[in-house]
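Have a look at this one before I ask anything.
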Amino acid sequence: MDRERLFALLERFARGELAREELAEAIAVAPFVELGDARVDTQRALRVGFPEVVLGTGKSVDQIVRIARALAAAGQNTLVTRVTPDAAAALRTELPEFEYLAPARLAVLRQQPIALIGRGPIAVVSAGTADSPVAEEAACVAELFGNKVERVYDVGVAGLHRLLASLETLRRATVLIAVAGMEGALASVVGGLVAAPVIAVPTSVGYGVSLGGVAALLAMMNSCASNVTVVNIDNGFGAAYVASLINRA
Amino acid sequence: MDRERLFALLERFARGELAREELAEAIAVAPFVELGDARVDTQRALRVGFPEVVLGTGKSVDQIVRIARALAAAGQNTLVTRVTPDAAAALRTELPEFEYLAPARLAVLRQQPIALIGRGPIAVVSAGTADSPVAEEAACVAELFGNKVERVYDVGVAGLHRLLASLETLRRATVLIAVAGMEGALASVVGGLVAAPVIAVPTSVGYGVSLGGVAALLAMMNSCASNVTVVNIDNGFGAAYVASLINRA
Amino acid sequence: MDRERLFALLERFARGELAREELAEAIAVAPFVELGDARVDTQRALRVGFPEVVLGTGKSVDQIVRIARALAAAGQNTLVTRVTPDAAAALRTELPEFEYLAPARLAVLRQQPIALIGRGPIAVVSAGTADSPVAEEAACVAELFGNKVERVYDVGVAGLHRLLASLETLRRATVLIAVAGMEGALASVVGGLVAAPVIAVPTSVGYGVSLGGVAALLAMMNSCASNVTVVNIDNGFGAAYVASLINRA
Amino acid sequence: MDRERLFALLERFARGELAREELAEAIAVAPFVELGDARVDTQRALRVGFPEVVLGTGKSVDQIVRIARALAAAGQNTLVTRVTPDAAAALRTELPEFEYLAPARLAVLRQQPIALIGRGPIAVVSAGTADSPVAEEAACVAELFGNKVERVYDVGVAGLHRLLASLETLRRATVLIAVAGMEGALASVVGGLVAAPVIAVPTSVGYGVSLGGVAALLAMMNSCASNVTVVNIDNGFGAAYVASLINRA
Amino acid sequence: MDRERLFALLERFARGELAREELAEAIAVAPFVELGDARVDTQRALRVGFPEVVLGTGKSVDQIVRIARALAAAGQNTLVTRVTPDAAAALRTELPEFEYLAPARLAVLRQQPIALIGRGPIAVVSAGTADSPVAEEAACVAELFGNKVERVYDVGVAGLHRLLASLETLRRATVLIAVAGMEGALASVVGGLVAAPVIAVPTSVGYGVSLGGVAALLAMMNSCASNVTVVNIDNGFGAAYVASLINRA
Amino acid sequence: MDRERLFALLERFARGELAREELAEAIAVAPFVELGDARVDTQRALRVGFPEVVLGTGKSVDQIVRIARALAAAGQNTLVTRVTPDAAAALRTELPEFEYLAPARLAVLRQQPIALIGRGPIAVVSAGTADSPVAEEAACVAELFGNKVERVYDVGVAGLHRLLASLETLRRATVLIAVAGMEGALASVVGGLVAAPVIAVPTSVGYGVSLGGVAALLAMMNSCASNVTVVNIDNGFGAAYVASLINRA
Amino acid sequence: MDRERLFALLERFARGELAREELAEAIAVAPFVELGDARVDTQRALRVGFPEVVLGTGKSVDQIVRIARALAAAGQNTLVTRVTPDAAAALRTELPEFEYLAPARLAVLRQQPIALIGRGPIAVVSAGTADSPVAEEAACVAELFGNKVERVYDVGVAGLHRLLASLETLRRATVLIAVAGMEGALASVVGGLVAAPVIAVPTSVGYGVSLGGVAALLAMMNSCASNVTVVNIDNGFGAAYVASLINRA
Amino acid sequence: MDRERLFALLERFARGELAREELAEAIAVAPFVELGDARVDTQRALRVGFPEVVLGTGKSVDQIVRIARALAAAGQNTLVTRVTPDAAAALRTELPEFEYLAPARLAVLRQQPIALIGRGPIAVVSAGTADSPVAEEAACVAELFGNKVERVYDVGVAGLHRLLASLETLRRATVLIAVAGMEGALASVVGGLVAAPVIAVPTSVGYGVSLGGVAALLAMMNSCASNVTVVNIDNGFGAAYVASLINRA
């Protein structure tokens, strides 16, 4: 339950459309739903402003379905990340109301309208074409969390003219997400070009001593640009989450 | 030169206290001062809101002095981080107007008043007593950048009651900085307790397979709390810098 | 042969139900059965209180079947761990008396009754839904070794209220097993909440710099809670084994 | 405050030797003492049975002295680990009542008698002469926590006859602590010889690819003996702590 | 061409069974056969006593066949290691005279009789059942190189009685090969029990922080037994090769 | 567009064969073509002398096709590296004018004649048969960039006579590319035999602690031959690119 | 002996200034001078164009002096790298004709004039002030080997305007050396701006997960700019050596 | 006690020079001498042919003195390795009969004559001047164990002519020890040149990604020469020990 829904309930109660008992019941649900192997946090939106999101990796389809159903039953928008096409098909067999955003590997159920709550646009900047699944995860999640998103893709630092062609877009953003594999240098260069905070997302794109993204992560952790912080490899969701928090201020 | 100083110059010009030529001279200095082995960025405050800060590690005292002098000459507040007591003494012999904040290992020259510009307090939370140099670096830098800071120290997760005793302070903060070595679990626990962004700073405190802070860094990168981003080991300055950016929004 | 079985033989001999020669034969079997590529330790229960357990990983199905058969022939309860569904099917074709506990990936043959020998309950606490196969391995093995087990699942530290809701269960336990991937912080938090020993099991759950469980393992090794010891990644069996030893005291 | 001391207070109150207000005052002290950079947990003994212990590594002597003084003021036995000879001298200048156990690098203040509370002896087994500081830390801490300790030193696996000469001692122990650097094989061999739990302590003894103890730690984590759990490199204290918990059952 | 074959040619020439030109032709072949992507060393047996052996890993089946054919054409015994069952089938379609030793993953063509040339038996000792493919590679190669081999399998150090049961066999060997994954302790224990050189072969058997055999390799490199040297993970062939060299002295 | 093509356009314009507007149009195309998830750099040949090359790894076939089409449309020779046989088939369905060089895993479209521009031959030297895909990538790319190439394959350092048999070829080269996996020693030995620059390419050939090519890379980085520089594991393309730059001087 | 010196000897012989025996003696010295623990390569200049250079690290001062004396005695320019101030003082006590270039940590004996042999300038570009010792090593060695050098220092990518201010200098260079610690992004950005080969030198500048330069090295190995090759951390000498080879073409 | 000494005792007894009781006393000493923190193995020579050797690293001078005294008292030759000059001075104050071999960092007490027992010479081959302490440790230990030693130093693979100049020496050896840091390629090249076993000793010589010898160790483990086995970094003693065993056959 998020604050909007709580306020709506309270107003309906004030207008006499909801009995005292019904209100109590709606509020008094436990702060989590016990599923045996999962305790689903159905009131996170109320506490932190965004509903709980299900990380699809490492869970069986059955587990995903049960958790998604519990979250969906709480009446809020529901998001599952890292959903493979096969898992998406299985999920939609059980819960056909879910939509699958293939380039971003997201399964989404929109039950509430999404209002624009950000102070300004979030720019998602990516280094190469192969980084686009992670960049799209970040961009779509940021949009689902109520932000305007500007995509600036395939602007790796070995071709600075491609990046500088979008300089105005970068400078307009209130927060930036820099997505890059291989040497991960994009975060530092973008960080030096703007005054806003930059959230760096290393990706597992590369080969050899890219070490599955560790090289990019190390580069980003060592950035000489002071406005850069870092999230885990391929964690487009986490970057979008924090960017939304910052943009909401 | 920061915006305040530029505005002051413009006003003095408007009031006839400054000749056209003087104004041009003050503005027209190059965007960096060439020192041979350093190009000092004297106009960063104008561009990004905070002046350039000198990282003391890896530079000779002579280099630090020359750079600090160039920055100080630009009339702005000047900050040098990671200054050992010996380096501080040597620096102050050359530049006695610098103050040394020993617990935070910072050398500071305050030439301009510091106005409170943050939307709310920044909480600096640390896990153990041995983390205090890094925590103090973060706290002092945040204060020098115009933020109110709340210190919550020695609240490692193995004694949750010590942390929960400060829960109200944590929840009041607009941004939090979580400083921890060893297993670095503090970031996740703090992240779960608040809705604001948390910047995690792993420290090199520990022994054995703390691996000089790598264990804490890995833990923080893998945080199951989505509002956590991470900076380099012992990088209290970087955390404070980003926290200030976020708090200024 | 375990002590119970030895005592039973001795009693049968005392009652004249067993000839001297038969008794000698039953006792005099070699301390291991030579299978060429395996020396099966059929008398471990007699020596250390629990029978030898077969680690399924890395062995061919044929090897597993031959070893399991040798152990089963010694008349004791027999346990094979890390059995994939395919291996389980193949095993049960040869040895249909084995039962397959799918969520725990265990194949079990119960030939002797299991008596409750623990001083108190063992609590198995896990951080996320994806950790449940390891947690179930620990829980089922502990039960097969004669312990009462309390399961507290999906209580990762980013949602402390979910963990604290089970605080009484944790405090009642004589030993605890903390199962977590990603940042592995659960072990330290649980360790700080109880006075009993905590055996930490890192899991390979996570992505990016979880490094297949290494991040969680490092966090657990660096725990600031002094009552925590650690076993190998995903080693639910080992944790249950040691917990049983401690609980038997 | 530990339970013994609490009971004593209650009895003195019952006998009229202590006023109600004095009792309340003694009990009502906060669960920690706030020192600014430390929150000293003065009631841990009451909660978990052993008082808080100060890890000397990474703290300044001034910090150690202030924390030790706060703990000592609570009237309990006080222990500081990893105290270098220099730090010990400085500590004893401030707090001359502390005793320094040089081979174990421990500073101790004994204010309460130590009762033998263990069910049986704890055996501390070490592989080489160079491991003795860590072994002594474990042995002395175990003694200070009320256990009988048997020392079996310099019995590395390359000379099995030296280890087997002490087999009876090993088998008599209720818990064992195996301390080894280099290849760390001692833990597995000892684990195979006894039925009791073995806590393995890798040490930083070695050179080359001992990697400061990481090789030994990895070996111990991979032990084929199921009764082995592991603590951090050189963590003799932690091993003794857990061994005491197990032995107290 | 090995020395035996050369001597045979020379004798046939001496007896007039071979023309001078034929002898020259047989001897004068280049020291390698150029295949474009391979330079096959057909005279290695003449130089170092054993013919070149083909490492099957990383080569296409077509490459293996062409190289094996070139070696076979030189009239010597030919050995290909690391041959998967599929590759073996393909190889034998082209070269049906090759025999496949499945447990050792070896393809062999025996064209010359194998004489026993070793001074004494080589003992191949392995820790667990899952190590047997590597142990068999070592044992079979040693046999093909003219040694008597004693197999002592599944004698991991956690069950010392299984190892000590074969002590006489170990002590009789002129060289030993110790094959172990997981913690790799077998090498040190065997090394301490015998006076002969021990060649340690870490295997990739294990999980978690066995790190694909790195843990065992590190343990073996750090062995406190001075008679131990180490070869690469799973390199049963290399161990047998060196053992044969030593045994031939 | 490369310089040759630009000159041709200018000459046609000078001869009146091209209208002013047509010339402007041909020149004025943007420095990159925006494809959404890719910004294709169609004028790189003009800037740096070689056209942009598409790295096939990590991109979907659809992405490869779209980028290759955009590059091909610019009228220049087009190269895609790391093309699996399946991807090649799919690519050629869409763009049948592309040729597939299977041993080098390259897809090529030759639209412009290739002139020999190198000062001398480039020698591509490889250690083993399994290194040939990487060596062929280097050799074919160097040829496509206008160099004469000498192949010296399967000359690993354990058989120096095979390498020394090609010494004259090595010494004739103006640049050398040394391709090796396993211990990567070839780079140092070749480096010591010639005076020309050597570009070392570690390969992922090997097993165990070859660590996927990291061992070879480390060896090459530590080469005691001063004329060696290194590129990423398996990066035959990069080595050929730099070798071409050097050879063009 | 280098070619110039050999030609001079031959001319003197031709002019009758040198007896046949003297010429033979001068030429016939062994290709190395045996010093017991060193075999000094006094004719490398003749073979590869540059004399042997002594790496100062890891050698005792006595060893350095003996080797330097042997090289100097061959009449050529002599260079020792990585000379600490203390070692320099000791060296100059023995060999006062050596000059010490402190910022580059080089000891040099100039016995022959240095002619400019490069085709164009070599640009040495460095990221930060702390990188200057490595950059100076590269720059001075390149000058001693007969190249014109352009220094562009402290132009890290977080302040692109500082780098772009020197763009013309970068583009004029025939070879570039990019020196950077921390995230090492400078190599990719410089590589993208020029068409010439770039030799990247990671430095050990940084802290935390810079891992002593490993982070920068990994970034450079993964550069998305194809004209970048890499040498070992802090290896300014090696970069200058290869740059000289390329520039000499 | 070694066999020679035992035989001498027996002969003296046979000649009536020794009483039965004296003989019993001499033989019946325990297989180790208990020193509290050390169990000194005084009969190793009897069991394995060489007396126990004391590794000086990690032990206090006091411990070294006590152990050395116990070994010396057994009447055999006594060897301490890795003795720093300071430790040597302290040792010789207590035990002036010890001799210090500074270049090999060995302290030696010769009480028994050393007979040549090797079948042929052991060649110790080293790559660079900085490797000489490790090479000397190997060479001197091999001599003390009764072998003829040939030293071939500073013959790194980047100057093959230096190595090939000693080819006859290499081929004459019955065992070879190859000592190299940096890229460690010497082991493979030497391995390819001879038919005898080669024991490779990586050294910690190097900088940057030599990683303290790990790069050399990895190269040696991956050697494509099959006659190479490896010992720990800088372990000259271990190499000499095994070489002596092999040479004694």
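Going in written order, the chains are labelled A, B, C, D, E, F, G and H, and every chain counts its residues from 1.
One rule holds in what follows: a contact is a pair of C-beta atoms (placed from the backbone, for glycine too) under 8 Å apart; a residue touches a chain by one contact, two chains touch by 3 or more.
Everything quoted here is computed from the prediction, not taken from an experiment.
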Joint neighbours of chain H and chain A, given as chain labels: F, G
Equivalent interface positions on chain C and chain E, same or different at half: different
Option reproducing the contacts of C-D, where over half of them reappear, out of C-E, E-H or B-D: E-H
Cα-centroid distance, chain A relative to chain F, in whole angstrom: 39
Mean-CA-position distance for chain G and chain D (Å): 54
Intercentroid distance (Cα basis), chain F paired with chain D, Å: 61
Rounded Å distance between chain C and chain H, as computed from the means of their C-alpha atoms: 45
Residues of chain E touching at least two other chains: 128, 159, 206, 208-210, 214, 217, 221-222, 226, 232
Touching pairs - complete list by chain label: A-B, A-C, A-F, A-G, B-C, B-D, B-G, C-D, C-E, D-E, D-H, E-F, E-H, F-G, F-H, G-H
Footprint of chain F on chain E - complex, ascending: 31-32, 35-39, 41, 57-59, 63, 67, 202, 204, 212-214, 217, 232-235
Chain A-facing residues of chain G, complex: 127-128, 156-160, 182-185, 188-189, 191-193, 206, 208-211, 214-216, 218-226
In the complex with chain G, residue positions of chain F that touch it: 47-49, 53, 119, 174, 194-197, 199, 217, 221-222, 226-232, 237-239, 241-242, 245-246, 249
In the complex with chain A, residue positions of chain C that touch it: 128-130, 132, 153-155, 159, 161-162, 165, 181, 205-210
